[in-house]
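My structure is below; once you've seen it, I'll send some questions.
Chain nomenclature is as follows: A, B and C, assigned in order of appearance, with residue numbering initiated at 1 for each chain independently.
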Amino acid sequence: MTSLPLSDALFAVQRTTPLVHCITNYVAMNSTANCLLAMGASPAMLHAPEEVAEFTHLAGALSINIGTPSAAWAEGMQLAARAAQESGTPWVFDPVAVGATRYRQTLSQALLAHDPDAIRGNTSEIMTLAGLAHAGRGVDATASIDEARAAAIALARRQGCLVAMTGERDFITDGQQHWYITGGHALMPRVTTLGCALSATVAAFLAASPSMPLAAVAAAVASFAVAGQRAGQQAAGPGSFQVALLDALYQLTPDDLDQFTGLEAA
Amino acid sequence: MTSLPLSDALFAVQRTTPLVHCITNYVAMNSTANCLLAMGASPAMLHAPEEVAEFTHLAGALSINIGTPSAAWAEGMQLAARAAQESGTPWVFDPVAVGATRYRQTLSQALLAHDPDAIRGNTSEIMTLAGLAHAGRGVDATASIDEARAAAIALARRQGCLVAMTGERDFITDGQQHWYITGGHALMPRVTTLGCALSATVAAFLAASPSMPLAAVAAAVASFAVAGQRAGQQAAGPGSFQVALLDALYQLTPDDLDQFTGLEAA
Amino acid sequence: MTSLPLSDALFAVQRTTPLVHCITNYVAMNSTANCLLAMGASPAMLHAPEEVAEFTHLAGALSINIGTPSAAWAEGMQLAARAAQESGTPWVFDPVAVGATRYRQTLSQALLAHDPDAIRGNTSEIMTLAGLAHAGRGVDATASIDEARAAAIALARRQGCLVAMTGERDFITDGQQHWYITGGHALMPRVTTLGCALSATVAAFLAASPSMPLAAVAAAVASFAVAGQRAGQQAAGPGSFQVALLDALYQLTPDDLDQFTGLEAA
């Protein structure tokens, strides 16, 4: 296979306005909602144990991000993940800084038990998650790309899910097929929570194209790669970059993804 | 009556810098504070049961929004609403997604018992609130404008309060007089939490003009209608729209509202 | 002494990418993270008692802001402050609205017991903190600059820490040396949580230059003064100001601080 139907996946999001239930960190909430709205999806942020499962059943997809966890939120996350698992609602897990504390590792293991459809993280986070099953080791931030790649594939196979590992170059795998995505801009890591927003965007794409999850995940990542590249051409710094990125996500068309040259089999 | 003193209401906000106590959702906090500051009001966000009533007594108005509720926050909301009711401080209720879960319906009924001075919501939310008293039914999102209009009037009469129902066209009523407001821009629903920020802005206007609440609510809604229209003329997408909206709210003058042609008796 | 090595302090931040653990209010989280990233620091927001001390030990500095406190957060703040105190990690205290409620005064006293390295607040907040030790009096918002100045010096001496009191003109003291900083722009108070972001930036500078804390605090304040001035030249209102400020913080060079003329001995 030499390509993926990225433009079909974007068209599906823009046509169906998928409702994405987000349980994410406080820093990311506003920018995540704005990225989803810019792409044509419909965000909803709510987390209380009293209502969270009831809402997950209404949503097209669920995105869980553990950036600012606490006991009450962890309970809501697990109830939502279980509801998604029970109803077959696609859900995405973003294991922010899972290597930093034991609390995050315990919470992540509990969430992985509810079988996420996709995991989105940076190389450190993916390697930590992959390692949790083996020996509970911490993360080696200086790991080579090859090591991280192997960890992503192992994690995808063990969990039976998609893995999107993002950074300067992105790597996407379902355990069998692997893809690299190149694009974006050097200012992206200078704007907070773009990775968190991408995780929720992956959920929107899965909601809109449940029958082709690999293409859906790749299209979400490619959308940020293209929009990031364009935003970088207009930006004088991270402030103007963030504004231009939302505009570029809004202006993105399926044709843009048809012409995208940054996808290659890995 | 063929008009309302909108410009007087804006002038009063800009002259008195009303302190607005906001208990709002996590997504909306930053954009709400920035809209209030741009308009010339002074925002304060706090919610803890330990301090919330003490602070409500200091504020010129209170705005409560249930977008991301939880048990501890619901307790703070009720204490603040009761404090506002007791001290005659105007308060605004924003029933975000009240139709989505039973938890929100129960919380909304508890808050309505503290007699908000104004309710700001979209058509679905207003219809759900109006229906809570009758049969507790969910919301019919496909309801016609005429049905929603009747619900808004019924809600205003039952609660003895102002109702601002916003959307492509806005409808404002105190149960006796009804007004339409036209303006804004198609990009507004692509930026998150502008409705939430408008609710807090309604509170700022009520604080500054307590003796003319209908004009105050209409002026807040008209301010967003005018600023939204101007922002839309400069925007390339939702990112630049949000920036331009804050600038336009800041630049808004009483003269702008004198010249506003989008207000008509309904 | 007629100057301070401001440019060295900025260079140290840009060279070392200090990890700043922030426990801040919900309104400020996103803008704080973006200011830190723009300056070249690395932000991390987390607050849960289960993990907070473990993380503080990893961080280069800690910043605690009580803008939206609650019981669970207050516990996390105290655990983090104690961890910082034990490990000698520099930490900054931002006593938002400490004069407004008794709850904030009690929490502030508990945090002061953990010996912050710097306190950043406006004149009212600094005067309230200074008064807590004497008679627990509230704040006199109409206090003269001279009264506030004396309070800041007294607070610095009593706590053995740096105090940065910011407003139209900023005042920095370690109890012995005192400096004024002039700069910024009239739009700064029209953008929410810039003071909160400055407090976290002070923490980043302390992490990068632990051996010259007075210069570090002054350089953080001067960075905002210079960037604010530049942003104001391009801004049409608070929306475009905020964007331009992030760009200006990103573009700031040590040379800019060498040429800064707004620092004078007080």
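Here, a residue touches a chain if its C-beta (ideal position, glycine included) is under 8 Å from a C-beta of that chain, and two chains touch if they have at least 3 such contacts.
These numbers come from a predicted model, not from an experiment.
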item: Same-residue or different-residue interface between chain A and chain C, half as cut-off; value: different
item: Chain A on chain B, rotation in degrees - Cα superposition, rounded to nearest 5; value: 120
item: Whole-Å separation of chain centres (CA-atom averages), chain A against chain C; value: 33
item: Residue list for chain A, restricted to those that touch at least two other chains; value: 26, 30, 242-243
item: Chain A - residues contacting chain B, complex; value: 26, 29-30, 33-34, 37-38, 43-48, 50-51, 54-55, 58, 72, 242-251
item: Contact footprint of chain B on chain C as seen in their complex; value: 25-28, 30-31, 67-71, 97, 100-104, 189-193, 235-240, 242-243
